[in-house]
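Same chain, two partners: chain A is paired with chain B first, then with chain C.
Showing the complex of A and B:
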């Protein structure tokens, strides 16, 4: 049993430190780079789920925290995107990106009491991480800066709207519904982690 | 607001205008003429600013291969999926005209939303493939038509309550639908240069009205924004029609294509309005206290871009007249 656990741990660690080659997958909406960027966020589960989870979590923590995350997340994402595009590491970091949204989902599900600065730091780290991967994957595919602007604008919009709606929820079952949504995101993350471990073997 | 801050703001807005150009749609046209049961002559017959052959690459049905202008297909003939690679990069759509040996012709429209078409190998294919592409083209036209969206944004900054918002958006929709149909069906025509200048003027017109609204003043536009939306909506409808005219309509499906194009425009427009309203509600719920100049940025954007386009388009108009 202990040996199996050790093997799984080694497999996961391998994925974390051995990044996979990036496959540029910017969807072509035909409406130009900006809208391609928006569509990219919509069809990239790891990116979309981390944004949704962080927006829900920020909303759970109140308006002050939400106000910080609304700017911290897209700005960090944008910065990460520039870094990824400039120093193209040409990697995806599936374990880290999966862990980030799974962890955000767990925080939502537990409605964890984290100080606002803690939430903001988590948002910045997640934004930088996903942004770097975005930049590294999109730039070799010929995506323009407009695509990154589209991604970041969509993140700003989604974070602002979702977190605001959560702060305005009445007490009772709507809050539980938010926690359930967080648990689904966490469960998706766990499934993905299991899949990654299987792939690494 | 401090003078230096106004200067910085104005500079930023003027720089922004450099990158914002009115959207033009272009459609490539391909002709496929059958010369034997398995052979076709093919060529691009119409292109935009860049030759279609440089940007677009046909992906022929399986079994078909080209030898310069000759397309040879197997025993099945021209049957299978035809796609065009490179759509959305300079070309919004491609119209494929197939002339069969029996004298029949079929027209197919490929767009980013419908990047491939299924060919049945004969002229007996009656599926109305072309018209549905116009739904996507309508959405594309409004989403890339920054001038139309800016006018709608200007209206949103003026309206004071939900009922007035419904009336204003409906009036704009009804008005541009009327002129879109009238112009597309050839009942009326407005020259492009003065039309574009007038559309720019409609955006500029909203700038001072937004300022009046900030100051708590009243005007006819602030009291009845739906009237202004209707009047200028008629102009914007002619603008949509000019976009549609560049694309052309499938002759046997004009009403359906027109309807779908208009529905596409409405989907894009309502999506934009909904997005702005959701964002405004989010900022209110999160109790954002913006600095005055940030709060007024959308208004300045409407006024500055409206002024820039008006000057630019009037200049083009006068240069054309000279």
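Showing the complex of A and C:
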């Protein structure tokens, strides 16, 4: 049992530090780089889930927090994207990206009381992380800066709409539905961590 | 020096030509297995009847208990179920999985039938323990070529929707006739659990 746990730990540590090859996967919409970037966010579940979870969490924490996250997340994502594209480490860091949305899901499910600066810092870290991965995967595929702008714009839009909706929700069932959504995201992340560990073995 | 350079040039040209002819591994530019993974994940919880009845029982019991259990149980269940799935994927052994799933249907069905109202934490712990069995058994069967993340998402959503079905059915217990139907549903779930327990023990 102990040996198994140790093996699992080693497997998780290995996938945390071992970057996986990033296969370029920018979808081509035919409308140009900007729209390709928007589509990229829509078809990249790990990115989409972290944005949804963070937007829900920011909304749960109130208007001031939501306003901070609406700008902090896309800006950090953009900065991370530039870093990833410039110093392309060709990596997808699946464990860290999974951890980021799983943790955000847990925070939503528990409706955790976190100070606004804490939420903003979390948004910046998650944005940088996912942005770096985006930049590193999109740049070798020949994606332009417009694609990154498309990704960031979509994140801004999604975060603004979702967090605004959540802040305006009446008490009762709608708030519970948000927490349930958080628990689903967290559960998906937990299962994904298991898959990653299994794949690494 | 110049002679050396001239000798080196054909080698460089040859090398460059060979490099050009070298077949380069084409990294897929297309996301593959997304739909297959998501749909398979959505369909998976519905494919096992023991799983279906237990999920509905969670919702029914939550509705019988009323707030806050009505939402605490469906929030706790997916997370603990995923934890069970994680244990299975990590290879941590959990004995008597099939028996645990059958017992979950029996106990949860009986709770609905008898309208048991324990403290919230007791209900949450009970549901969490059963969730581990369900997650362990069902959360690790990814079809070949499927996207693991979308499969997991589909699996979790389907489970949550089954809870919702249970909650909606359970809301009928507000009326006298509805209460009888809900209790009968609980009894049916418990009987189904007994059948699966018998099958798990005999097989």
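Basically, the second predicted complex is superposed on the first by the 201 of 201 C-alpha atoms of A that agree within 3 Å, B and C clash if a C-alpha of one lies under 4 Å from a C-alpha of the other, contacts with A are read in each partner's own complex, and residues count from 1 in each chain.
Everything that follows uses one rule, which is that a residue touches a chain if its C-beta (ideal position, glycine included) is under 8 Å from a C-beta of that chain, and two chains touch if they have at least 3 such contacts.
Given the structure is predicted, the values throughout are model-derived calculations rather than measurements.
**Student:** When the two structures are superposed on chain A, do chain B and chain C clash or fit side by side?
**Tutor:** Because the two structures are overlaid on the shared chain, the partners are seen to fit without clashing.
**Student:** Touching A:160 in the superposition: chain B (first), chain C (second), both, neither?
**Tutor:** The first partner, chain B, only.
**Student:** Is it chain B or chain C that touches the larger share of residues in chain A?
**Tutor:** If we count touched residues of chain A for both partners, the winner is C.
**Student:** Tell me which partner A:35 touches in the superposition: chain B (first), chain C (second), both or neither.
**Tutor:** first
**Student:** Name the contact category of A:66: first (chain B only), second (chain C only), both, or neither.
**Tutor:** A:66 contacts chain B only, not chain C.
**Student:** For A:117, select first, second, both or neither according to whether it touches chain B, chain C, the two together, or no partner.
**Tutor:** In the superposition, A:117 contacts neither chain B nor chain C.
**Student:** Now for A:46: first (chain B), second (chain C), both, or neither, which partner does it touch?
**Tutor:** second
**Student:** Determine, under the contact definition given at the top, whether A:193 touches first (chain B), second (chain C), both, or neither.
**Tutor:** In the superposition, A:193 touches chain C alone.
**Student:** With the two complexes overlaid on chain A, what is the closest approach of chain B to chain C, counting only CA atoms, in Å?
**Tutor:** 12
**Student:** Could you pull out which residues of chain A sit against chain B in one structure and against chain C in the other?
**Tutor:** In chain A, nothing is touched by chain B and also by chain C.
**Student:** Report the residues of chain A in contact with chain C in the complex, numbered from low to high.
**Tutor:** Interface residues on the chain A side: 1, 4-5, 7-8, 21, 23-27, 43, 45-46, 49, 98, 106, 109, 141, 176, 179-180, 182-184, 186-195, 197-199, 201.
**Student:** Okay, in this complex, where on chain A does chain B touch?
**Tutor:** 28-32, 35, 63, 66-67, 70, 157, 160-161, 163-165, 167-168
**Student:** Any idea which chain C residues touch chain A in the complex?
**Tutor:** 27-31, 34, 71, 74-76, 78-79, 81-83, 85-93, 135, 139-140, 142, 147-150, 152-153, 155-157, 160
**Student:** For the complex, which residues does chain B have touching chain A?
**Tutor:** 87-88, 92, 111-113, 115, 136, 139-140, 143-144, 275, 278-279, 281-288
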